[in-house]
Structure formats: structure tokens, C-alpha cells
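As written, the chains take the letters A, B, C, D and E, and residue 1 is the first residue of each chain.
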């Protein structure tokens, strides 16, 4: 239930204080610095923070990508180095924030989510992007180099990323994070189709639990994407600083993708609800079949057993009781009656459509 | 589950790049060119793209219809030939887009959907329409000549299509795509009525699956039409370029039709939900009947079998046990008791309304 | 499922063309012409269309009521005679339109619905009203003289209908159509109360189907009234031409009635949902009782039958087996044990609250 | 189902006509007249209508309270005497109106609801309040003297009711009607808690019906209060005449109470839904226990009965069949086998957690 | 059902009168006075009310915290001492109010909720905050010193609490009350996880009741937080007096937290609904297994018992009946037939996937 885990500072802590229950992971952060103009693009992998700070002061466009989960001192240093608002830093620190756009004075701050689908659960992984006039600073908790495709495009001279401002870079990052949901949905879909086969074919007691888990994962995914959709809308608003009208056109495309994600999630939710019903139906059908078989056996054999029981009685034949027992063809007649009963029941049940 | 299939470029691809998973179908496209003024109308079927481009430059109104699914190079060429925005081209290329209106500079771009109902599933088929001051360029993935009725009307001198501008042609295309939903709904309805007969008459285990599939199809259909409704609203807005106030009046009529489609879909959804309940009820009724029959057999024969069992016991009559066995009319009395029990149970069950 | 039947022109037909699947009923239309001023009121029943046209040209207020379903030529003639917009005519022709207000140039056009409740189903019947400065033209598909009460009031000198303008007449017609829903709801309610008695008393397999049908009827009714409510709101808006502020006050009253209708429908929907649950509960209760009886019989007679079975065994008593069979009071003891078992079970079941 | 009963005039009746199905109750009305200024307050109980009319003309603030259900002539007379709008009078006459605010020229008209909870049902009882610059005229159908607390407060010199204008009196009446819902909810709550005990303890077949009835009552109550909430909002709006800004502050408090009522109703609705589920669960648990007991009996005794049946067979021992029957300890061995079977089943069932 | 308990004055009581059913708890109140400027901060614990009043008059910022539930006289005195609006005092007195913001003339009044989770139920505990230009007066019903963390931060020179105005203190209090929900949710979550284990492992009849209780608690919690979210939004609005733009930035952060709380509650609600379904499924699975075992026993032993019953019949072998009984290997053949039947049934059931 990772999506639910909440790390928070103790109530009453001053805002912006980076303490509390957040796990302080002491791993080195990976800094990637991209310095580019329309003419050239320099990429420095694995640089030190101080170098980043130095580049920030220079003219030209800068993009600093920070991969990994920083501890509080590191973040504090980064905050002062890059001039980030304490409230925004707190959001970077505590992770698992809802996607949103905040504007702090002369700086935009976008929180996005790049969730993972692991062991049937959606695990939220935060991506944070700060942006200003000429710089973009991105943070992501996981060490995966998710922004490589954008860096690659940046290296192509004449690409829109190079000719447009850093606002287009912000768009490219948002777009990438949104588009990364599609492969995720595909693996979810594959899992759901397996579940469908299972529910229609050989449902086991764990099938329903799996369906419930999938439903929950879809719910969490939907909430994540809904917040992202609202964030993109907010970024597209004319009053958002640094975002040009041209870039807004591209963001609208990105917004469409985010709606497509939501649409797909809605479809899969409908499907999952249907699956649960199909499963229950299947279970109930099997049960019905079992009961029907038992009922049939009972209906056929109870009267027959009673018949056999009668001729197993010990009434004194010497005083004239049970003359049937003495008839030469009594036993044959018994079988005749039994077969008649069976045939009669068979016809009757056939007519009632039980057989 | 075709409605769910999503084709997308790898995350991080530059917008407007026509690559990725979209199936590159290498079939020739069918170009149909209509050049018309209020006075005359020239229709050229099966023309080459170059000729289309040539006509675009001329005065007079032009409508180019492109049928079939283009590969990326073709689209690229078309894009530069007809001056289409790369983001719009991407939408044409990837198909299965949500219905929408986009305005790119001096060009309107409408995405519509002309879904098919095949094997119990709604298969989305995109229709894209570009429009400007004097031209309309329409794309549809399927090779069906769906726009023939509009072409026919264009040939009638004095028809509104001829006397009004190309915005009226845009309306006519949208209207046609919307109205094509009615026959679709009718076949859906016919299918649902069959299902209803099945559920009320002779439900089989597949009935529920069919109902679920129908429900899903209605859901997808509803989402498609809802987006289309919003698109028409957007086209009707006064700020949409090229659309005159006269045409807006007609679009409102088209909007009414789209609401009628949604209304019908709502009704069928209600009906389908009801169907599922009726089916479950029917199944449970059958089960109840089976159980009741078993219960009746048990209630009647268990006491009788016990009675027969008693007189099958071998207690030593010589020491005075079981004197009934020696009575002259013991056997007759046994039957008397049995018949009394049966009658008593019968009356009792009759009173309890079991019989 | 009349409410679902949709009659439409083939997709791609020019708007305003009166063709397609609409049943062309060839019955004579009934024209009723009312010409009135504050001082006098002249009512002409069964006039010809030409006469109507003639009166339209004159000064004074005119109300033409057309009863019955016209074929396309008739409507075309009417359209040109009375100067009605082709799109509005199309709506009159195809019937079963959603309630709405359209303004075509110098003419208002209101679509209302006067549904019938027949055989458990809501059958939509369209009422269309055109209005201008000094005239009202109403159409209704059914030949019932539904507007008689208004005509009667028109004849009373000094009545508000006479002293106010034709906008008040429009209000009066809308008000009448809305108020005609109350008796309809009452017959629906009577039907629902019968169903409630049935569900609580002696539910049959058809009860649920009836409940479902009622639910569907309520759903269709609700959709109809909801559209009507919106229409009245639209008519009340200050920008609607020809409607004076005084009449708006009365329309608000009419709007309240329409909300009252919706409120009642909501209540009945809740009730119907409750009914379905009560029905299912009742069915399940009956089933439970059946199973319980069977269980009781099994619990009592299975042990007894086993007991009797034991003493029906043929072990060789001569070698000392089954001495009980030879005891003088063996049989009496058998009965003692049987009665003890029965009593014990009885007490046990009593304590478990089964009996 | 009193909440559903609708009394209405026949469709097509002129608005403001006080006829139709409304029950014409011929009971004398109780008039209570309060004439007050900041300095003094005169209360006249049981006055005649003419006297009321006389006082209306005078300077000073007047509050006339009319208790009981008037017949149409009385209302007509009252209407002309007090100068009330015919549409408002119609609403007073027909009762069971939705709560609302209407402004007729120089007069405000508020409809409220003071429902009663009788025999598990919510019975709507209308309270109507007319207000102008210096007067308030209130009507309530029931003869209960519900406004006594306000009259008492009016008699206290210096109370806000005396120093403020009649708009504060209007507030006081609305507030009282809203607050009268709290004791009502409490009796509903007491009833629901009884039902909860019943559902968890000893559910009877009527429990579910009671739960359904409670749910319906809550639904009707919610609709009533929702309309009242909207009415208070409307009265609070700055454009409502006669209501001063000071009184608006108090109305906001009253609005909060009305939201509190809705909140409580929501909570009780959730609870009632939970109750129904608990009830069904309880029923299903009982059924399960019954079936389990039957299954246990069957599992234990069927094999035993078969065993006894074997040794009841009459194979001819003289030809060597069934030697067990002749063994000296054959009978003891039979019991040994029987006990082994029972023990084995017991252990097996214990392991499967059935016992 | 504490969340439902409503304490209210009798209907018709003048607003602001502190009487009625509210329990008058006669415990001493704890006053804590904080007087601070940017330079210094003086905290006085356990002061008298008079001293508080004295300090209110002085320059500098004042925060008075009142812990415990006051009786009506005390509140009245406090009201006049601190100049609080009677309607606000009424809200403080009656507790269990919905969270809200009211502005009374020159004073803001915020109602918050600091609920407790006790014995599976959410118990609402009101926190009220009055604020003006230079003072904050807070009330909380419980004697817990919940505001200690804020007091501690106030003592740190240079902290934002000291340098900013009292509006920042208001924010700090709201933030603390919101953040106190996180530990609450965690204990709820722990409880839900226990329930999940129970439902999946060893469900008892009380499990469902617990699930229902948890669902209800989540519902009440959600309503509380929703109101709080709206309150924070209201405080953030520019027209709210005394709140500076800087503080609004911090309030937005607090607003985010409140949305996070709602998000978590939504997730847990989904999970709880899933739990109930899993529980029911588990119960039904167990039942199915029981029925299946009974069915199997019946299917195997009924035919066998019938077979044994046949050879227990006493037909007279001397006239040629039942020759099988006399065959030398008759008994062995009986067993052969029995074993064949068992094997056949076994294979059949294996193929039907029952075994």
C-alpha cells in the first residue's frame, strides 16, 4: 500500500523545515548540467553542485537535473545555492505530493508524478521542476535517467528545444512525464487481460483479490493523473509567468494526452468493475451447478431408496402381509416400478429444462 | 478491446514526429477533389496529390477528401503540401484521438469519430477535418466513401452547400458524422433487444458476458459522443474563426442531434443495467426452483424412509418386540400411516404456499 | 420501448429536408383558429389552411392550433404559408425531439412533450409552439383536443389571456403541458403502489420485470421533464424576444411546477429502487425458509434413520452379536432412544433460535 | 406516502385560481395579531380578519399569523384584504410546495416547511411568510402555535426583535422553522438506533421494510431541507428587498444551521445504508449456519447409514457371502468402523475449520 | 455515534443566547497568554481572565489560548471582556460546529476541528480562533495543550512567527490543526490493515461490523476535512481582512495539506469498500466449500445406499426372486459394483473439475 504511505513532519513544525519522518537517504545525488543556446549545447554529466551554481550565474540557458533522493542538509544547500523557496523545497523533500503548480515570486514550481507499477501496485515517484527566465532545475527521486530522450533532442541543432526558450524545455519535460504513463497503462492492461482470462476460465480464490488490487491501483493512478491534468491546465493559463503563447499551443497537445490517459483509465475501470461481476457470476454459476447435481441425485435416489426400504420391511407374511414379496415376479416388478419412476422423473425434469 | 488499444510514440519524442508504434499501412490513399462556386461544381475522383496542391492555390472553394491510412512520409508530404500544423498531423497519424477542435494560426482542425460496431465492440475510426477561408481538407482512416451524400448535394445547383461558404461544408461534414451514429445505435438496440429476449427466456452462461460487453460498448460510445458534443459546442463559439453566424444556427441543430444520441445512449445504458439485474434474478429464480424441488423431495421421503427403516429392524419378535409386524393388517396400516404423513405434509406445505 | 424508437433522415441529408424514416401518416389535420383582442374572441374549429393563412396577415392576435401528424408535403406547405424556419419544421416532422427553445430570426420555437403512460411505458408525444409578435402556432401529434381549457379561458372577457399579449398565451400553453404531467404521475404512482403491495405480499416472477419497467419509465419521464425545465428557464431569460416581464413572473410559477414534477419523479425513483430491494429480499427470505425446513428435516431424520438402519443389520445373533435385538424391551428402548434424540435436537435447535 | 401526495388544479386552469383537488377544509382560522414598535408590543389572539385589515393600514410594525387551512373563499378574501399576489395565494392554497422565495412587486413571499415525523414517515407541512416594509403575514396549515417562542421574545422590551425592523422578524420565523428540524432529527435518530439494535440483534422480516422506510423518510427530509437551504441563500442575497445587512448576518447563522441539518441527514443516510447491508449480512450468516449444520449432519450420517445398509443386506451366507455377519465380534467391529469414520471426519473437518 | 450527537437550543430561542441542551461543564478554564513582538516574547501560563483583558488593551501582539469547555456565564463574561460577537460565542458554546470562517465587523472567526479517533469512532472536537489586527484568541474544548509546538516556535527569536504579524500566527494554528490529522489517519490506517488481515484470514461475524464502523468514521472524517478545506479557501480569499499576501502563500501550502488529507481519506474509503466485498466473498467462498462437500457426500453415498437397500429387500427367493443373493460371489459382486460406481463418479467429477 505504498500509495498511501505518508511521510510528514510532526504537526506544528515551522513550514519549510526539512525534518520529520522523511527517510534520510544518504546516497550521492547525480547532477546533470545542460547549458545551451540556439547555436550550441554542452552537456556535463556527474558534475558537482558548486559547478552548477557557477553556471546558473552565467548568461545562456541552463538546465540542471538532480537525480536521487537528497537528505535535508543537501536540500538546504541546494535551496540556498539555487535560490529555491523553502515551501517548495519542503515539497521536494517529502515526496508523494499531489501534482501542482506553485508560483513563488520570480520562480515557477511544478510537481509531477512518474509512478511505477510494481507487484500490482502503483508506486508514486515525484518529479519536481523549478523554472525561471533562463533556467530549469528538475528533481526526480529515482536514479533512472528518465530525461535522456530530451537531452538527446537538445543536442540536435535546429531542434525546437534549442530555438525556443526554456519554457519549451519545461513543456518537453512535462510532456515526457505524461507520455511515460502510456507504457505503464499498457502493462496494467496486459495484467488486466490476464485477469480476465482467469476470471472467465479458471477463477481461483485469489482472482478477486487481484481484481480488487487492480481496481485500487487504477483508482490511485486516476487520482495522480487527474492532479497532473489540472497542473497542466494551470501551466497553460496566460497568467503563468515565463510560458510563451507558442509553448501554450504545445502544452494543449500535452493536455490532450493527459485526457487520453484519463480516458483509458476510465475504460479500464469500467472493465475491472465488469470483471469483478463476471467473477462473482462465474463462482455463483459453479455453485449452482454443484447444487443442481446434488438436487438431481436426491430427486432420483430418495424415492428409489424408499421403495427398496419398503421391501426391506419384516412384516409377517404368514398373516398375509406384503404378499408382493411372495409373488414369483415380485423382484422383477420392483425393478419395473423403479425404472418407471426414473423414466417419469427424467421426462418431468427434461420438461422443466433441468436436464 | 479495440477501443482501448493505444498507439503512441515513445515518451520523450519531439511533438509532431510521425513515428512510433503507429502501424505504417502502405496502401495508396484515395484523393477526391471538389472545386466549387455558387455557380458550378467540379468533382475529381482519384486525383493525385500534386493536382490537389495545385488546386489549393486557385481562387474558388476547394474540398479535398483523403480516404485511407497514410504512412508517415505521405503525411509529411501532405503536411507541407497543404500547410498543415505538425501537431495536427500527429493527431491524424496516431488516430483514435478524442474528438476536439484545435485552432492553429489561420487554420481550424476538427477531430471527429465515426465508430463502427463490430462483434459486439465499438471500434473507433477517426475523421479529421482541416478548414480555412476557402478550403476544407478531410481525412478518414477507412476507405468507405462516407462523404458521398454531401458530394451529391454539392452537385445540386442552388443548394445551400453551394450558396454558403466552406464553413457550411464543415457543418455538413460534422452533421453527417453525427447522424451516422443513429443507424449504429439502431443495430446496438437490435442487439440489446435480442439480449433482453435471451435474458428473460433462456439465459445461458454467455448471456451475462454479452451484457457486460454491451455495457462496455455503450460506455465507450458515450465517451466518444460526449467529446463530439463538446467539439460541436467549441465550433459554435463566436470566437472560432471562419464560422459564420448563419452556419452556427445549423450547428445548433447538429448539436441537438448529438444530444439526442447521448440521450439514447443513456436510455440504453439504463436498460442494459436493468438487463443484468433481470438476468441475475432469472438465474437465482431457477436455482430457487431447483432447491425447492430438492427440499420437497427431502421433506416427503425422509420421514417415509425412516418409517420403512423401522419395520426393517430385526428385533426379536419372540420376546414380544415389534408386535406390529405380526398384526394381520400391519402392512396395510403402514401404508395408512405413510399416506397420512404425505397428506399432512401436503396440506402443511400448501398452507405455507410452497406448492 | 417506444421512448427509444428514433426516426431519422439518412445521414448526410440536407437539413430541413422532410424525408427519411418518419412515418408519413396520411390523415387530415385539424386546424383550430382563434382570433382575439382584449374585446372579442372568435374561435373557428375545423377551418382550412388557406383561411388560417389569410387571418395571419390581419391585425389582431391569432392562435392557430394544428392537431395530428402531417405528412411532408403538408408541412412544407404549412412552412411556407406560415413562414416557419426549415430546421424547426424538420423538428416538428421527426417528432420525439428533446424539449428546447430555438429562436429563428423573428420567431420563437418551443418544443414541449406531452407524454402518455401506456402499458407501463412512457410514450413521448411532441407539442411544438411557434410564436411571434402577434401570433402563436401550435402543433401536436395527437388528435386529443388538449388545448381546450385554454380556449375556454380565452372566451371569458377580461381574463388575463385576453388582456395580456400572445406571450401570455405561450405561457398558458406551456403551463398546461407541464400541468398535464401531474395526472400522469398519479397513474404512475397508483401503478407503483400496486407493485409495492405485490412485492410485499405475493411476489411473482413478473414483479421484478414490472419494477424494472417502471424504473425505466421513470427514467425516461425524468429526462423529458428535465429538458422541459431547461426550456422554461430559456424562455424566461430576458433576451428571449416577445416575452414580457409580466409573463416571466408567471413562467416562474410554471418553472416551479416543473421542478415539483422532477421532485415527485425523484421520490418515486427512490421508492422504486427500494421496491426492487424489498422484492429481492422477499424472494431470498422465502428461499431461506425452504432451506431451513429442509435442513430441519435432515437434522431430525438422518440420525433416526441411521438408528433404524443399525437394527436392520443381519449380524449373526447366535454368536453373540447384537444382543439388543433379543432383549424383551429392545424395541421400546429403540423408541426411547429415538425420542431422546428428537428431544435433544429440539432443545438444541430451540436454543440456537432455529425453531 | 403522504410526502408524495400532490394536490393540483386541473391542467389548463388559469393561474391563481383557487380550485381543484385541494381539500377544502372548513375550519375556522386562528388569527393572531402582533402590533409592535421598539417601545411597546400589543398581542391580540383570536382576532377577526377585518380587525387585522384595519391594523395593516396603521403606522407601526404588524405581524399577522394565520393558523389552519383556509378554504378558497377565505383565502380570496384574505388575498384582497392583505393585497397578496394571486400566484402566491395559489401556493398557500395548494400546500406541499417546495420551499422558495418569490418577490412579487413590493412584497416578499417565502415558503418554508415544518415537516412532522409520524409513523415512520415525513409529512410535509407548509409555512408561508409574506413580508413588506412594515408587516409580516405568516400562514401555517397546522393549528399548533409554533410561533409562540417568537411572540414571547417580542414581548421583552429591548430585545433585538423589537429594536430591529420586520426583516429581523422574518429571520426569526425562518430560524425557528429551521431549528424545529433538530428535535425531528433526534426522534428519527432514536428510531434508527432502535433499528440498528434490531438489525444486529434479532432481525425480523419487517426490519428491512423499516430500514427502507427510514431511508425514504431521510430522502424526503433531505429534499425539503435542501430547498430550504436554497431559500435562505436567496433571502440573504443583497438584491432581496426589505432585508437589511444586519439581518443578513443573522441569516448566515441560520444558513449554517440548515447546513448542519443537511450534514446530519447525510450522516444518517450513510448509517441507514450501512444498516441495510448489516441486516442482509446477518440474514445470510444465519442461513449459512443452517446450511452448515445440515451439511455436517449429512457428512457424518450418510456414510454411517451406508455402512448399516450393507450389513442389512440378505446375501446368502450359506454360500459363503458376507462372512462378517457370522464373526463373533462382527457387531463390535461394525461399531469400531463407525467410530473410526466419525473420528476421521471429525479430525478432517476440524482441520478445515468447519468445527 | 458521537459525531451525530447534536446539542442545540430549543427552536425559537434568540440567537446568541447560550442556553439549551449544551452540557454545562463546570471546570476551570486554562488561560495561556502570549505577548510578543519581533524582539521579545512573554508566555504566561495559567493566568486569570482579567489579566488577559488587561493585556488585550496594550500595544504589541497578543495571543490568548483558552483550553477547556466553558459554561455559559463564563463565555458571556469572556465575550464582553474580549468583545466577541454573540453569534460566534454561540458557535463556541455549542461545539460540534462545521468548520467555517465568519467575519463579524472588525473580527475574523474561524471554526476548525481537531477530531479524535477513539474506539473506532471519530469524535469531533472544536477549535475556534478569533483574530483581529493585533490579537488572536483561540478556544479548544479539550484540555490537551495542542498549541505547544507553536508556542515553542514563538520563543525562537527571528522565527517567522515573530517577524510576521498575527495573521501568520492564525496560519500557524490552522496549519497545526490540519497537520494533526496525519497521525490520526495513520492510526486509522493501522486499524484498517488489521481489518484487512482479518477479512482475508479469519473473518468473524464482527469483522463486517468493524468494516462498517470504519467506513462511517471515514465518512465523518471526510465531511470534517472537506469543511476545513473550504474554510482555508475562504481565509485565503483576498477580501478576508487582516490576512496579508505573504501569509496567503503559506495558507496555500496548508490548503495543499488539507487536500492531501482528503486524498488519503478517499484512498482509504476505496480500500474499505474493497474490504467489505472481500469479506463477503470470503464468507461466500466458505459457504460454497461447505455446500460442495455436502454435495459430494450426497452424490457418492446416495447411489451406494440405494444399492445396499436393494439387497436388503426380503423378496421370497424360494419363488425365484433375487437370485443374486444366492450366488456364491454375490457379495463380492456387490462390492465390485459399488467400487465401479465410486470410480465412475470420481472420474466424472474430476472431469467436471469438482475434485
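By our rule, a residue touches a chain if its C-beta (ideal position, glycine included) is under 8 Å from a C-beta of that chain, and two chains touch if they have at least 3 such contacts.
Model, not experiment: these values are computed from the prediction.
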item: Copies chain E and chain D - interface residue numbers shared by over half, same or different; value: different
item: Copy-to-copy rotation for chain A and chain D - C-alpha atoms, rounded to a multiple of 5°; value: 145
item: Length of the line joining the C-alpha centres of chain B and chain C, rounded to whole Å; value: 26
item: Computed distance of Cα centres, chain C from chain A, in Å; value: 42
item: Two or more partner chains touched - positions in chain C; value: 291, 294, 298, 302, 305, 309, 312-314, 322
item: Chains listed in ring sequence, where chain B comes first and chain C follows it; value: B, C, D, E, A
item: Sites on chain B touched by chain C in the complex; value: 147-150, 152-153, 159-161, 172, 175-177, 179-180, 182-183, 185-186, 189, 193, 200, 249-250, 252-253, 256, 259-260, 263-264, 266-268, 270-271, 274, 277-278, 281, 284-285, 288, 291-292, 294-295, 298-299, 302-303, 305-306, 309-310, 312-316, 319-322, 352, 354
item: Chain C-facing residues of chain D, complex; value: 1, 3-4, 6, 8-15, 87, 90-91, 97-98, 100, 102, 104, 205, 208-209, 212, 215-216, 219-220, 223, 276, 280, 283, 286-287, 289-291, 293-294, 297-298, 301-302, 304-305, 308-309, 311-314, 317, 322, 324-332, 334
